[in-house]
Amino acid sequence: MTHPSDTGTAPVLALEDVSKSFGAVRALRNVSLELYAGEVHALAGENGAGKSTLIKTLAGVHRPDAGRVLLAGEPVVFHGPGDARDAGIAVIYQEPTLFPDLSIAENIFMGRQPKRALGRIDHKATHAATLALMKRLGVELDPDRPASGLSIADQQIVEIAKALSFDARVLIMDEPTAALTGSEVARLFGVVRTLRDQGAAVLFISHRLEEIFQICRRVTTLRDGAWIASEPLDGMTEDDLVRRMVGRDLDELYPKQDVTPGDVALSVRRLTREGVFTDISFDVRRGEIVGLAGLVGAGRTEVARAVFGVDRWDAGEVEVDGKQLTSGAPSTAMAAGLALVPEDRRAQGLVMDMSIERNIGLTGLRTTVRAGLMDRGAERSRSLDWAVKLQVKYARIADTVSTLSGGNQQKVVLAKWLATGPRVLIVDEPTRGIDVGTKAEVHRLLSQLAADGVAVLMISSDLPEILGMADRVLVMHEGRLTAEIPRSEATEETVMAAATGRAAA
Amino acid sequence: MTVTTPHETTVAGVPKSSGTRLADRVFKMRELAILVVFLVMIAVTEAGNSQFLSEQGIKDLLLNATILVLVATGQSLVVITRNVDLSVGSTLGITAFAAGTYLQGGGNPVLAIVFAILLGIGCGLVNGLLVSLGQVPALVVTLGTLYIIRGADSIWVGSRQITAADLPGGFVDFGSGGISAVPWLALIALAVLVVVAYYLKQFGSGRELYALGSNPEAARLAGIPVRKRILAAYTVCGGLAGLAGAMYLARFGNVDSSTGNGYELTVVSAVVVGGVVFTGGSGSVYGAALGALLLTSINSVLPALGVSSVWVLAINGVLLLLAIAVDRVVAVRVATALKKKSALRKGTAATSGPAASLPQQDNSPSDPSGAEKGNTHA
Amino acid sequence: MPESLTRAIRWDTVVGALLIVLLLFSFGFVDGFGNALNLSFFLGNTLPIALIALPMTLLVVSGEIDLSVASTAGLSGAVMGKLWNDGMAIETIIPICLLLGVVCGLVNGLLVTRLGLPSLAVTIGTLAAYRGIAQIVLGSNAVTDFPTQYLDFAAGRFGDSFLPQAFLPFLVLLAIAVVVLHATPFGRSLFAIGASEEAARFAGIRVKRAKLLLFTVTGVMASLTGVFWALHYASARYDNATGLELSVVAAVLLGGIDFDGGKGTLGGAVAGVFLLGALQNVMSLLNVSAQSQIVVTGVLLVISVLGPRVARQIAIARAAGSPG
Amino acid sequence: GGTTKNDVKDDSAGAATSGKANPNAALKKGLTVGFLPKAVNNPYFTSSDNGGKKALEELGESYKEVGPSSATDTSGQVSYVNTLTQQQVDAMAVSAQDPGALCTALKQAMKNGIKVVTYDSDTKTDCRNAFVSQASAEDLGRTEVQLLAEQIGYKGQIAILSAAQTATNQNTWIGYMKDELKDPKYKNIKLVKVAYGNDDAQQSFQQTQGLLQQYPNLKGIISPTTVGIKAAAQYLSGSKYKGKVKLTGLGTPNDMRKYVKNGTVEGFELWDPAKLGDLAARTAVALSSGQITGKEGETFKAGDTTYTIGKDGVINLGKPTVFTKDNIDQFNF
């Protein structure tokens, strides 16, 4: 296969010297990009580098302040997402954009349903087409179930199915794999390869660099909204790529410090929530990082939610430092020193319309108080401290979090919970959507916290992360704990075996 | 990276399972619950007063409901898009009077109805334009137009009134006539209802109303013409309020500047009782129509049972609360049942896998039956 | 989202400014407005709306609404009349009425928080129920013979000044509400709940407890208003304060409180209340008919949401037009 | 101990009167009289206020009308009393939504030298100078029973469809109706129910339906309110009960013309609202001119008739007119 750009054909879709600002923030500065038919092109950059903004410009969501969008060599102006769609561009946005009240099938085909006579919708054909898509992706989702209540991962799958259903000539994917585990990712890549071979152009964003190397041919790097390079991936190493993105060499990605675990800090006994998980028992000791692995939908998130108290449990006990927690009471859990960095940052982690300062301040309402009134100075300095510590990239601390890039939003969530000085920290997908540089930083932080005596329970779908960081790995399968694997024995094989229910441990 | 294909064996066949059908039933049940409440109420009343379901009685029940059904149908369209139209009462009032004025001058009844609908559409357009183009909160805007239309109506109408004597006899007879117990007006309302429901279910633009109510931002990204759809919903809502105005005139023969005053709360109640959710994206016009039928019937049932009018208002309120509470409790119960069911399934699947490493699992309660298992894998 | 934020921040100051402009205009150009008697009328008649607007603002900020306030007020007035007719001492009756307000608020709150019902639907239901109970309690009676010292307090003013006697307690309540909403952790958590209930719950905020408390306080304030109403107008009837909920909602909306929750200031809400009140007073003095007053209220509401938006569009257009 | 009802003296002893009447005083010119009906836009009040307007123009005074747009907006009516006080009118004619609620404001007005006349619907007696009553409540109540009894042949069940439960005038009339029914000649007539339609067309409509369903043998309905009788008539004329169930009460000839002609209604009664307004206006002018003060026994001339002030400052307009198909075409209001 020769590289498309060598053949002299015009790129299917291109950006030429595009700039875009949000107020004072210059999200894109004279960026150019060319997408050719039959190639998978990676877009790399730190959090806030402007990747999503670039994609939204291609998709007609944003109008560029300067520069042009070229479709098959011709300049075009997209007046809205509909225009881009009609031009054959399918987009998976970073945050799922589903209609919670509608069925999965309707979500996928909204606006483009197969029709019968007189323009009526052919519900049967829609159903069948959805089933076919699910099969192609190798997942089992009922086309008729409503989208509400789907896990983030399943939502992402539906988004992918939606994009595939277009048979588009350009497929743009903004971190489609952030919530997926290895098997789904492999499936997705299989489908993407097929599409590529059929002549589609694909633009792919991921903070998991190995994925970029796995599937992409060329990469465009952005830094602080500026174009750095567009080049073939052949012959590049991960370190090269990181250097382009970050502008310096990277620290070690998994800086796990060795600690001797102390007393039991979190003890979960026979916890059951009917229909969700059954009979979950485990301990987390001071200084320990315990990984919780499993396939999507295994129930890890649900366990975390119940332990923290946002959901009730039906049976069992949870103790923090020997203190029993009550079912369904996050405030008592917090008082006992428990913190939960939730999975869904937009819905659960952040109040999107509030400022960065106040979001971080939300967990400190009891501490930043003087004489019963808010102590704004204390609130601000607490928030500033943590925003700086986690290197959140923002214009002003009083800006609303919704203006931050995805990765920076995640950092705010972390800041918000670390600021409580927890004794037991549960993190659910803590580095989802976080760039490699920051990821190393978060890992270093978790490791440091553990060394300082915090008990950490880390849920992650990123298996290397689990293997790299955890002292012990717990594995869940369909609502039950199926294995407990010490660090020395934890490998991809042993964990996956337990996660898929094939464990013979 | 080695990747194993997961759970092909364990979860296969799950999607087609009873979950779907149950979920389906939950949705149907919401309307069913109201229907049952309604039927029980009617049965009890009939038992207490055999006149209640006489031909005249049934006719009265249907006639009382029609106007509210029409307005509630239009309102549902708007509410489904996560908006609201509080100005329907005012629109109804002004269109009724306009149609009356026209008829008073010797106009043609059919043209009068068309005229009322057009005026309603005009009001709906104004609301729709303000909400969709201005992108401002519907609640505030339509509360504003509620006052504006009502005020304009009062200024225009003054203390004039239109009575049955001013109207063509045929028009007034049409308002109370029908085929035996089924009034003409009810037939019109039913036709409108069926058409709107069919449109919502079978047409792309109808589904898009649900989509944009469910998640407006996603709707925009999906390329749905959001403003156009919202404008359309308001226009239809206004048009139906106009039609209802004309029917009000035919039915009561009697309009003045206060006609339709305070009607918006009744309409909103009907829509809410009917299970149309205020945060948009779900509910059906049949539900809203049943809600309307239930609410108006309460007002006929209580006097028919001889309940003193002193009690009517309180009973009305309590029944309204009961209706929404029961609806909610049923929905929650069914959802829990659904979850339990899928839990059983999951449990079956889990134990069907190889034995796990943790000791506690040995004492897990045994799963009920092999039949259940057979089902899931079928 | 950023648009509505600007609305909340800017609009309450705009309403405040409008109020001041209107007052200045009226003092200067409207006969009879500026004298103490008229001012006391204006303040006294606006007071019931203002009293209910306080808790209503908090409730709306937290994403809920209570449409049953006017009925609660009517019910507490009716109970007051009934008990008075039965010979109970007014000093006992008033606490009982306030307790009744607690119950009314609790019923709303429990239905909303325990059963998870939408507050709009619940309070439309209790709007009818409470008014109906009031009708059962008092029937067609109108009780007017409350003790004069109480009537004088509710209707009177300080000497010949413009200040109604009941205005001072209101100012105290206003101050409390402002502090609670804008300066306490509780107030802060209300904004969080209104903007994202789920995120608030995940931050350990006791969402249900906060909402229950708010509904209860709203009930108490509504019943207090009912007592005040009955004394101010020296008349306890079951249909007292009918329709007051719409006035409160309109005023609060005008003050820039966003009914989606999470935004707004008490200053804006109170400015909205007194703007509408002053406008009505002035228009009546200027012989503007009741019908035209309704239109003006409506136009004002539409402008309150459209105005900031148009202003923003113009600002953007100007920024785009200017070079650089 | 606290303040209870017993501690409060009933101080509303009589009409608020002050000064001495001078029956021969000349009528002043150039006075301003404000009319404050229960609600503007109500056809009934519009006719009566127009009657007042005509009278005032004839006397060389000036007329103005203010009022709330809803008949249940009591606080709105109070603030209009305040407005009129502010505007320093010489007298006001008020139809009170509530007997007590307007008192503070009206007393305030009288303190400022404004004469207060109530018409159609009274307040407590000490809150106004005089009340112009459309007809004596007793007359109305009794004649309506007499009208209906005749129509149904002094036999059968009857019901009353009233307005709001709190409407003072309605309740007084209903009281006299019940009293009249005690007369032995009505021994075969049974009043089965008083229903309330709240002066809302739709509610009155449904209340009528309810009455007929609950009492299939109902023979007649009295509706002493213009809205109620109209709604009841409309329902009856479109139902199988037309002509079988008799309806009477208070209605305007224009409203009821159709139903009288098509046989739904045989007869009903009303005073002339324009005359009511006329008398209210003349009373107000007489008060302002000092011809009367509102004391019992004082007399004054309004138009061609001389009226005497009765107990508690009440002035009666006279007997109501009964409308039947024979005379209804002579009236237009």
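When the chains are written out, they are named A, B, C and D in that same order, and each has its own residue count from 1.
Everything below uses one rule, namely that a contact is a pair of C-beta atoms (placed from the backbone, for glycine too) under 8 Å apart; a residue touches a chain by one contact, two chains touch by 3 or more.
In UniProt terms the chains read A = D-xylose ABC transporter ATP-binding protein; C = Autoinducer 2 import system permease protein LsrD.
Not measured: the values here are computed from a predicted model.
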Query: So which has more C-beta pairs touching, A-C or B-C?
result: B-C
Field: Between subunit B and subunit C, centroid-to-centroid distance (C-alpha), Å
entry: 30
CA centroid of subunit A to CA centroid of subunit C, Å: 44
For subunit A paired with subunit B, centre-to-centre distance based on mean C-alpha positions, whole Å: 39
Query: Multi-chain contacts in subunit B: which residues touch at least two other chains?
result: 154, 310
Query: Multi-chain contacts in subunit D: which residues touch at least two other chains?
result: 40-41, 69-70, 165
Query: What residues in subunit C touch two or more of the other chains?
result: 135, 139, 243, 289-291, 294
Query: Considering every pair of chains, which are in touch?
result: A-B, A-C, B-C, B-D, C-D
Task: Name, in rising order, each residue of subunit B that touches subunit A in their complex.
output: 1-7, 10-12, 14-17, 19-20, 23-24, 201-204, 207-208, 210-211, 213-215, 217-225, 280-282, 339-343, 346-347, 349-350, 353-354, 356-358, 360-361, 364
- request: Would you pull the subunit D residues touching subunit B in the complex into a rising list?
  value: 40-43, 45-46, 69-70, 165, 193, 195-196, 201-203, 205-207, 209-214, 216, 230-231, 234, 237-241, 254-255, 257-259
Query: Can you list the residues on subunit C that touch subunit D in the complex?
result: 31-32, 35, 37-38, 41, 45, 48, 84-85, 87-92, 135, 139-151, 155, 229, 232-235, 237-243, 280-281, 284-285, 287, 289-291, 294
Field: Complex contact set, residues of subunit C against subunit B
entry: 3, 67, 111, 115-118, 120-122, 124-133, 135-136, 139, 243, 246, 249-250, 253, 258-260, 289-302, 304-306, 309
- prompt: Can you list the subunit A residues touching subunit B in their complex?
  reply: 59, 61, 80-86, 91, 93, 97-102, 106, 110-111, 113, 115, 119-121, 134, 138, 140-146, 182-183, 185-186, 210, 270, 274-276, 278-279, 281, 295, 477-484, 492-493, 496-505
